Amino acid sequence: MARFLKKSKEEIGTSPDELIFRGDKKINEVQLRIIDFDANSLAEETIKTVKEVLKYQEKDTVTWFNIDGLHNTEIIEGIANEFNFDRMVLADVMNTQARPTIKEYDNCIYISIKMLQQAPNSDIINVENLSLILTESILISFQETKGDVFEPVRERIRKQKRRIRNGGTDYLLFALLDIVIDNYIYIIGVLGEKIEMLEESLLLEPRQEIIGEINSYKRELNFLRKNIKPAKEVILSLAKMESDYITESTEMHFKELQDNINHASDSSDSYREILSDQLNIYHTTISSKLNDIMKFLTVFSVIFIPLTFIAGIYGTNFDVVPELHYKYSYFIMWGVIIVIAIGMLIYFRKKKWL
Amino acid sequence: MARFLKKSKEEIGTSPDELIFRGDKKINEVQLRIIDFDANSLAEETIKTVKEVLKYQEKDTVTWFNIDGLHNTEIIEGIANEFNFDRMVLADVMNTQARPTIKEYDNCIYISIKMLQQAPNSDIINVENLSLILTESILISFQETKGDVFEPVRERIRKQKRRIRNGGTDYLLFALLDIVIDNYIYIIGVLGEKIEMLEESLLLEPRQEIIGEINSYKRELNFLRKNIKPAKEVILSLAKMESDYITESTEMHFKELQDNINHASDSSDSYREILSDQLNIYHTTISSKLNDIMKFLTVFSVIFIPLTFIAGIYGTNFDVVPELHYKYSYFIMWGVIIVIAIGMLIYFRKKKWL
Amino acid sequence: MARFLKKSKEEIGTSPDELIFRGDKKINEVQLRIIDFDANSLAEETIKTVKEVLKYQEKDTVTWFNIDGLHNTEIIEGIANEFNFDRMVLADVMNTQARPTIKEYDNCIYISIKMLQQAPNSDIINVENLSLILTESILISFQETKGDVFEPVRERIRKQKRRIRNGGTDYLLFALLDIVIDNYIYIIGVLGEKIEMLEESLLLEPRQEIIGEINSYKRELNFLRKNIKPAKEVILSLAKMESDYITESTEMHFKELQDNINHASDSSDSYREILSDQLNIYHTTISSKLNDIMKFLTVFSVIFIPLTFIAGIYGTNFDVVPELHYKYSYFIMWGVIIVIAIGMLIYFRKKKWL
Amino acid sequence: MARFLKKSKEEIGTSPDELIFRGDKKINEVQLRIIDFDANSLAEETIKTVKEVLKYQEKDTVTWFNIDGLHNTEIIEGIANEFNFDRMVLADVMNTQARPTIKEYDNCIYISIKMLQQAPNSDIINVENLSLILTESILISFQETKGDVFEPVRERIRKQKRRIRNGGTDYLLFALLDIVIDNYIYIIGVLGEKIEMLEESLLLEPRQEIIGEINSYKRELNFLRKNIKPAKEVILSLAKMESDYITESTEMHFKELQDNINHASDSSDSYREILSDQLNIYHTTISSKLNDIMKFLTVFSVIFIPLTFIAGIYGTNFDVVPELHYKYSYFIMWGVIIVIAIGMLIYFRKKKWL
Amino acid sequence: MARFLKKSKEEIGTSPDELIFRGDKKINEVQLRIIDFDANSLAEETIKTVKEVLKYQEKDTVTWFNIDGLHNTEIIEGIANEFNFDRMVLADVMNTQARPTIKEYDNCIYISIKMLQQAPNSDIINVENLSLILTESILISFQETKGDVFEPVRERIRKQKRRIRNGGTDYLLFALLDIVIDNYIYIIGVLGEKIEMLEESLLLEPRQEIIGEINSYKRELNFLRKNIKPAKEVILSLAKMESDYITESTEMHFKELQDNINHASDSSDSYREILSDQLNIYHTTISSKLNDIMKFLTVFSVIFIPLTFIAGIYGTNFDVVPELHYKYSYFIMWGVIIVIAIGMLIYFRKKKWL
């Protein structure tokens, strides 16, 4: 299956507001969770139907409505209807294959971004599409699976951290995106550590497996960069957006998001360069090692070639070969052979070929 | 024939409004099809002469006028006359070799874009020039051949999908362009799957044919990128255009087109990098394999060189070679040979040359 | 001589309005041609002195004044005086080595661009500097040689093509530039065909001469790109220029010029990539072929090495070599040799070294 | 540990205003130093508590408050409270791992930048995060360790240099940043000298250790570039910033900072290219040297091959080998051998293989 | 010494208006020259003290004050005082190591640019820092040595060239910068000729010294590019600058400077590509030549290997080797050897290995 994008032949030409789930169903049951708070009050609830959200809507509080699982078209349609969103927004939510984007509608801002998470005790990075709908009083977040990635934010809300309890939905949005980008940084950091450890073993002993590792890290890094690039665009658009739903004080936080994602992006660029340098070092080391071997072996053979020739000469069966009959000839031959061998050794050493 | 652009010597210096068909005639008869609709009514008709369109023009409905086949200058000229378009617009329509572009005229917007389609059960990608003329009440589309690529849109109109039946000609324009770009994405996806499958077989067994496949994919990808790049510019211009023919609500859809074509473009970039990495992996694997063989063979020969020399020495016919007459000399020689061979094997192994 | 730019030591520090001819004199006599027209009238004349132009100037018609040959300082100075142009404009006209540029003066627009032309029946591309001075009622074109490159435009004027006869000097400017850019496209197309034909012969049989051809095409392409790049800037500036001499209706045509030159530029980029891919394919093919040969030869020698060693052993002259005296020893030796040879062949084949 | 960025799993999701020290504790005790001055007065003091600063605040003088050591949360919190800064500012101060940034708050400007310093008598470059908070009347600088890098500025203040004593906090800010960037330039200069010295030894004798040096310089340069790039952005933002805290006269100085950091950045680019050229030169030299050796050795062996073959022929034990019995055969063989050897030598020399 | 930038440890942290000469003292005595002119009058004088300039200042003429030699702090300080310039301007003048820049002050414009000059009859390029201070009525130019580079401008002034005698200080500024950039173009042209000549000798006979030449040209080109890049920025800023000191009519000339420096920059880019292509051609030619040699030698040895083996077989001393005793065996052996040799030759030729 194509890793970067896929589109089945059937999907071509469907209406942009058709609610079709595009992706892999990763969870069985859809879960609807609500946290409603302001500086003083706090309510947490797991609800069954979308309608139950409405009671929180009337209040002047910040409502965070989290949906885990996107395959239930009915629920998604309910959200479109209850909140009066353009069906296109929800169609986008259900298309988990789409490119991260940010769109401003009349009554909401829609953000989609890829959430990357290092699977615990494993090298696998889980990718999940996160969609967010921001309005004045509610933030709806759509996740593909039930994850605990946003738990720290919930904790901060529960523990009455001043900033988050006093902030609006826009600050909540920042808090969620901050976690997403912190995960980018964390993943790049983990990968970076592996890459830097590679460097050491590369200098000590350039095993052939290293080439495989470098290539797999390269692939992983490409995958990260491919996800970070559009996220960067989304965050930039968000920081620049002049919307009623975003207060001035939150803009400063979005600037911080920008710094963080730039940091992630810069670092991934750096690691990319390091990997490509490592590949070069590997090739240089390998080829210089091979050169040494070949040089040694060739010099070794070359020394024996004239010696074997001499022995060959005196193996001929000519009737008249005067040297053969001299008493010390054999020993002289050995002498000559040794002199030639040593002479060549000295010559090659002088020429720095050995 | 030059794949990317061609211009015959004769065409140089012709007037920009001369109606000359530039391209390959891909269809025999020109077909004129009309779909006229609004939220409530729907009419479909295949007409013979351009004049017949006019009756739809008077009505307040959306008219989609599709022309398959561009070689009939008379018909094209008829369109220029009946709708009062600048002849230059129609000259552009007939020049199927031109670069995708978007131009705003007084009484219409002209868009041309390359339509790519994967031929069924084949690796061939068909390229066709699609021209679109947008006015307030009519959308004229020009295709080189009679294709069924826009059938899903027709279906959506027939099935009374709310959005398309309520939309104007601009929404219809979006629907058509959406199909074009979805086809880009689909084609890249298909190519991408092949590229990723290559990777596996590359790691298992780097056959030499792979190099040919990589190069052909590279060429295909270059071809796609060459078509996507100007399309991206067209879509961007369209999204930014402030025209009376484009309603604000459709602009959001154009933004989606932009996301999609960026997605296609990003993915083609990624696949390009993957291909170039694959080429590197192939070369590395091949060369490291060759190195192993050469190293083995060289070490093998080197071991025999001193042995053959020793045998040569005792093949000499000197009168006095004391060793020859000692009873066990032959066996001692064998012993020395074996010791030398094993010694060298141990030395080479220790040096990691074997 | 430096291909891309040259400046003699003497020219450094000359006044920018000094009328010095810088270039190669390509024609002996300067020729002054005039075409004067409006929708109804047409006059063509070859004149002797610049003064004769003035009578056309008084009329309300479009005057196209074409000068072939730039070395006659007197004539050039005459133009400066009669039309009251800044002498700097004419100094630029005479400097055929300068970079294509566009400059807006109080009473005219000055454009210079390189005109490339494929020499008939030859691979040579002729470069000529084309300078154009645009005012309200006259377009002056300066060519280095008397060429027939603009003949199609003259024909269009003579044949009373509506658009050109009704247009102003700005439309005439477009018509001339259109021919220049069409020639770029034609040349790239011709080169492109050659490059694509190379590809076929590259896959069939990678002869060594191909490397020379690739390099010469690369040089040719670099030369084209070097000329197209500043032309692109000139056309862009022209399209963006807000001048009284350029009517709104002509701006649309300038937009078309831009599309065309972008097309040329994109295609040259594509061919560049193709050439660099071809170079890679060539190297890969050649090196993989050499590898095959070396592998075969090495394997071949390696098989004989132990065999020769065995023969050497039984060529020794020891008094006691028991095997020598056994009746079938010689045949056994042959058997052993054949077994070893076949065994090695099987081993190497199994290891895929053969 | 990842060199470029690190983020522990625990930090993900913390509030942006939580005051956590992120970095390595490099100093034991926090030191608070104050210099307060205007054109006429000067006071220097080392204080114990943040409260002591306040007395300087009331005066109309410029106060420079320098904090060495960031691990004491209490002190940092005290600054937030006493000066009424947003806690987020101080959270940023304590996060020494963050990317250099500049942020404008209601009551201050926050700048963070990496301070690089060549350790004396060593190749090590110390990196330290420098944070600066600028208000109308105070400049607070946060350093990780107690360094004497800003001593020249203190000296200039003490020596009553007119410009610094008459300038405001913004001029002081410039003076500090100037030192930071001067250190960048100094470090690049030192590295550059080493790189250029490498070039000489590269041409004289390409030892294998050079490859290691080139790679270590490359890594060092990448590290510098990685730090300079965001610093460049910070300086650019600063130069463009329209803030009440920055007087017009200081803007000119910020322009100078920009020139300087561009100079540093350009130079690092140049050295990067030089390093990559050096790598190429090294490889070319090494491979051309190896080629020479292999060519020599191969030619040497090839000359002996037919000679040994001839000796072999006359070592055969056939009953009838007429040449064996001719008296001068042995000497003729030697003659033939010498002729062949010399012939081959001449041939190879003529072919320029030797 | 670092070629691209240097900063001694002591300079870090000095005040930006400290008048310290940074560079190499290239001249012993400072020379102060004045040319004062308007359309009608002309005065030339070599003065001793800065004060003498003032008398020219009162007049309504254009004064060009040229200072050769920058090491005399007193004189520089005198200029600052007499003309009331910010000391920072003069500090910049004395820092000959700085990056080319342009700065607008209240009472002047400061420009610094690198002046490159081909040393006569040598490959050396002299670099000198040129500083210019422009005010309404005076242009001050600072050169490091007494050169005659600006002599052509003095000549134009003396010869009463209309444009320069009627122009203001801004036109004089243009005339000086024009010479600087013309020298850039001249130097690139000279280098370019050498590079193009290299190409020919590269195709005829790829000697090893060529690699050294290519690398030295590359370094020279990098050095030029490094100087041209900031000069380009300076010229661009100058062309865009809206200053009272620059009249509208001169702006057109600055546009010409821009064209010229872009021409220089484009050409250096082209030569860079050519050099890198040449390097590729060299490597390809060399390696294909080596391949031919190695192939020939290997094929040569391989042919002898089975022949020597056969001779070895019949050199064995077995009691029973039937072939040895047959009368024609020796001649048959020769026949077999010749057949094998010819067979292999035919085979290798057929396989195109020879």
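In this document, chain identifiers A, B, C, D and E correspond to the written order of the chains, with residue numbering beginning at 1 in each.
Keep this in mind: a contact is a pair of C-beta atoms (placed from the backbone, for glycine too) under 8 Å apart; a residue touches a chain by one contact, two chains touch by 3 or more.
Chain by chain, the UniProt names read as follows: A, B, C, D, E = Magnesium transport protein CorA.
These figures come from a predicted structure and were not determined experimentally.
> If you fit chain B onto chain C using only Cα atoms, how far does it have to rotate, to the nearest 5°?
Result for this pair is 70 degrees.
> Mind checking chain D against chain E and telling me if their interface is mostly the same residue numbers on each side, over half, or mostly different?
different
> Quick one: chain A and chain B, Cα centre-to-centre, how many Å?
Chain centres of chain A and chain B, defined by C-alpha means, are spaced 26 Å apart.
> List the centre-to-centre spacing of chain B and chain D in whole Å, with centres computed as mean CA coordinates.
Once rounded, the distance between the two centres reads 42 Å.
> In chain C, what residues contact two or more other chains?
Where chain C meets two or more other chains at a single residue, that happens at 294, 298, 301, 308, 312, 315-317, 321.
> Drawing the touching chains as a network, do you get a line, a ring, a star, a complete graph or other?
Contact pattern: a closed ring, each chain touching exactly two others.
> Report the order of chains around the ring; begin at chain A and proceed in the direction of chain B.
Chains encountered around the ring, chain A first and chain B next: A, B, C, E, D.
> State the interface residues of chain E toward chain D in the complex, per the touch definition above.
Touching chain D from chain E are residues 1-9, 11-17, 88, 98-99, 101, 103, 105, 208, 211-212, 215, 218-219, 222, 226, 229-230, 279, 283, 286, 290, 293-294, 297-298, 300-301, 304, 307-308, 311-312, 314-317, 321, 323-330, 333.
> Can you tell me which positions in chain D touch chain E when the two form their complex?
The touching residues are 150-153, 155-156, 161, 163-164, 175, 178-179, 182-183, 185-186, 188-190, 192-193, 196, 203, 252-253, 255-256, 259-260, 262-264, 266-267, 270-271, 273-274, 277, 280-281, 284, 288, 291, 294-295, 298-299, 301-302, 305-306, 308-309, 312-313, 315-322, 351, 353.
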